[in-house]
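Note that chain A is present in both complexes that follow, paired respectively with chain B and with chain C.
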Partner chain A sequence: MDSELIQQIRNQARDLLESGAVKGIIGYERASDGLTARPFFAYEPDAVERLIFDETCTHNLVKYLVDKKGERMAILAKPCDSRALNLLINEEQIKRDQVFIIGVYCPGVVETSWNQKGQTQQPRCQTCQLLKPVVYDFLAGQEPARQPEAEVYSDIEEIESMPTAERRAFWLEHLGRCIRCYACRQVCPGCYCPECFAEQLDPAWVGIRIAPEENELWQTIRTLHLAGRCIGCNECERACPVDIPLSRLNRKLEKQVAQLFEFRAGLSPDEQPPFATFNKEERLGSEE
Partner chain B sequence: MNSEYQPKIVGLLCNWCSYAGADMAGTSRMSYPPSVRIIRVPCSGRVDPLLVAKCFQQGADGVLISGCHPGDCHYNEGNYHTRRRFALLHNLLDYLGIPKERLRLEWVSASEGRIFSQKVSDFTNELAELGPRSEG
Partner chain C sequence: MNLLMSRDDLVRWLQLLLQERILLAPMRVQGLVLFQPVSKVEDITFDFANTTLPPKVWFLPPTETLFSVRSCDGHTELVPATVEQQAVIFGVRPCDAKGITLMDSPFLEEPGDALYRERRAKTTLIGLSCRQAQPECFCTSVGSAPNDPSNVDILLTEIEDGYVVQVVTEQGKALLPQGLAEAGAAPPAPPEPQAVPTEGIVPAMQMLFNQPYWERLAERCLHCNVCAYVCPTCYCFDVRDYPNKGNIERVRSWESCQSPGFTRIAGGYNPRGTKGGRLRQRFYHKLLYFPGQFQEIACVGCGRCVKACPVNIDIREIISDLQQLGAKSG
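What follows is the complex of A and B.
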């Protein structure tokens, strides 16, 4: 644990709370297993002593801001999480002047579960191109010395190269496990519709019967709703109780959007989303 | 291949061009396979990927989305949005194991009855060759 970094975060948080600049701080504290981290809301200046930051802080806290609309909050944001802030600012879900962003240089995070933490960085961190947050008011820590590997989509290409029937079997096996708890949606910073299509009753797009086809429909549309919007925080996959490789759906479209529209979500707060615009002359390769 | 097999196609046709094109094919007495079930939508831009995914879930062998030619949209730009959305949907369905050949986007104008009947025949033949969904 980098105690200097944590002290910087705590000092900044204390200043913000004591001056009344924000109502609360959204950060991380040590979980009760003494090893991993869990989200923490600090509302009193003395509570900031519980704030921490280390390689177990894998959660993307940005989703909480959607619930805190109208309240001035400060939030701890890793570089990947900061892209979600840009996304929500761009889509007018949060106001930039309502949020104080405590950005942190990120050394990369590891997989965690109760009382366990991985020894190596998560795959997404190994290829992460962002060393510092794309949006922040205060920046804590020091630039890490690591050199990111180039973004590769070898996990996606592996599935793309399977014969169709095998690919179908692969996905039906994984999606067949889905229990439609919708944890992937609840945890996703990009999924904030007050009424989700999955809960509409008339027409009931996603039926309540237990069937791989219903799961597949849910995941197909969830993925498409995040096309050009997914910022790759991988919270959906972390939250999934049945270990469906959801990143391999999201990253497929991320790859496609990068190829077709040279676009990556969340890098700037005033970018034009690819599906809000078009180019009359474009040829996208799939129409006659 | 079973010669009795007749694929089921859902045709999502825009009100202003392709639906009128299909109507033109009918009033001109052109024949095309009865494999297509036509659903009229206000614009090809109305075709939410959800509609297509639902069609496949409910057992369609193929889905045909058809609208005005680019530049001719009744609402000026609906079909440009369709084109972008379709590019991703097409790829994602293929990735999930629903082959690309089962989903088509075609531009058919109100005067192109012959082209509509031709395209439905081509699509039907192609799907018949692929066989029922369970075989790929």
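What follows is the complex of A and C.
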């Protein structure tokens, strides 16, 4: 743990709470395993002593702001998480002046699960192009000395190169395991509909059967709703209790949107996502 | 009386069982361990801590058809679903077996659930004692033990050169092969899981319904259904009719009190509309309502929810918090 960085975060958090600038801080504290991190809400100045930051702070906390509408909150944001802030500001789910963003320089996070901490950085960190948050009010830490690797999408190309039948079998096998717990949706900063299509009864877009065909429909629509909106925090894959490689679905669309529209979600609060705009001149298909 | 079974004996026995009935056993699927129907004994994994999903997947499957309604020549017929085949589940951990016994109360008490009753009657449980306690589990604090034989038909405990076999029920006895030798020595001592004291938790719950604790805890909760779906004692479900060309299929699927829409009623009103109310419900059901109705806490200490929660909502910590809050309120 970088104790200087943590002290910076705690001092800033304490100032914000003591001055009454915010009602609460959304950050991380040590989890019950004594090893990894978990989200933490601090409301009293002394509670900031529980705040931590290290390579196990993989959670994207931005989702929690959706429940805090109308309250001034401070939030800890890694560079990747900060893209979700822009997404939600752009989509008018949060107001920029209601949020105090404590940005952190991030050396990269590792895969974690309860009582387990990976030794190497997550793949998404290795190709992360952001050295610092894209939006912040205060920046903690020091710029890491690292050269980001170029994004190559080799995981996506591997699937693209499969024959159709094999690709279908691949996804049916993985989605056949889905138990429709909706952890992927609940953890996603881009999924905030008060009523999800999956639970709408009229029209009933998708049924309640926890079975391959309906699971596939659920995941397909969920993924499409994130086209041009997924900011790549990979929380969905981390939260999935049955290890469905959801990043491959999201990254496929990320790749497609980047090719078609030269757009990456959440880099700016002002740039409209491709599916929120319509240009008469636009033509369909990547080859045209 | 305890018997002895070699590893080869076990493989031969399982081979025999799977020819006669459906055999479910732990299998490695990607990084998970799941109870799945076995076609080859070689696919079974014997070396596992516990399965990712509990054996409730057999008794209350994620999805099942309850009955169909068919129309034919102006005549309407109701066709209930039935369970044809006998089944054996191999490798049930004692905590999970207790989970099944706990589920029996709501599902078998009159009016019982016909499909559950039928599956239960036609299924034999072969338990497997735990050789190691896991950091997340606490069965001995909630009325079970790593070698507890009381909720299975046969319990196997691994020893150096095979398994000690405890025959628990007649149903189990009927399944065993003939000619097993008597075990000379007693099975080895069980591992010791950590203690999570639960004394006084039920009366404490009676005082804590309006504590701000619940809203605070629920801030972190994502309100997904992971904890409920991996839980051996969570048994809520949703029911929906699937019409198809004049016929109807009535289907039930897992659902949980953590879903925002779980208690929404006609007209759109939701009597349990807050996040805190939903999270509280899960713990009140386990630690107050279930014990009130069936005299036991609805937690078997398997620790699956501890491991699977994406944001570390930890039932062990919550039980301890509630005891402290209860002591203050009392």
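Everything below uses one rule, namely that the second predicted complex is superposed on the first by the 280 of 288 C-alpha atoms of A that agree within 3 Å, B and C clash if a C-alpha of one lies under 4 Å from a C-alpha of the other, contacts with A are read in each partner's own complex, and residues count from 1 in each chain.
Definition applied: contacts are C-beta pairs under 8 Å (C-beta built on N, C-alpha and C of every residue); 3 or more make two chains touch, one makes a residue touch a chain.
Everything numeric in this text was worked out from a predicted model, so none of it was measured.
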### Query
So, on chain A, is it clash or fit between chain B and chain C?
fit
### Query
Given Cα centres, how many degrees, to the nearest 10, is the angle at chain A formed with chain B and chain C?
90
### Query
Between chain B (first) and chain C (second), which, if any, makes contact with A:R180: first, second, both or neither?
second
### Message
Quick check on the superposed pair: does A:L267 touch chain B, chain C, both, or neither? Answer first, second, both or neither.
### Response
neither
### Query
Looking at the overlay, what does A:W205 touch: chain B (first), chain C (second), both, or neither?
first
### Task
In the overlay, answer first, second, both or neither for which of chain B and chain C A:R238 touches.
second
### Message
After the superposition on A, what does A:N115 contact: first (chain B), second (chain C), both or neither?
### Response
second
### Task
Using the touch definition from the top, say if A:A258 reaches chain B (first), chain C (second), both or neither.
neither
### Minimum C-alpha spacing, chains overlaid - chain B and chain C, in Å
11
## Note on the structure
In their shared complex, chain A is touched by residues of chain B numbered 49-50, 53-54, 57, 70-71, 77, 80-81, 83-100, 104-107, 136
### Query
So in the complex, which bits of chain C are touching chain A?
29-32, 52-53, 62-63, 135-136, 216, 219-220, 222-226, 228-230, 238, 240, 242, 251, 253-255, 259-261, 275, 306-312, 314, 316-317
### Query
In their shared complex, at which residues does chain A touch chain B?
159-160, 164-165, 167-172, 197, 205, 213-214, 216-217, 220-221, 223-224, 227, 249, 252-253, 256-257, 260-261, 274-275, 278-280, 282, 284-288
### Query
What residues on chain A touch chain C, complex-wise?
31-33, 36, 38-41, 59, 63-64, 67, 113-115, 177, 179-183, 185-187, 195, 199, 207-211, 235, 238-239, 241-243
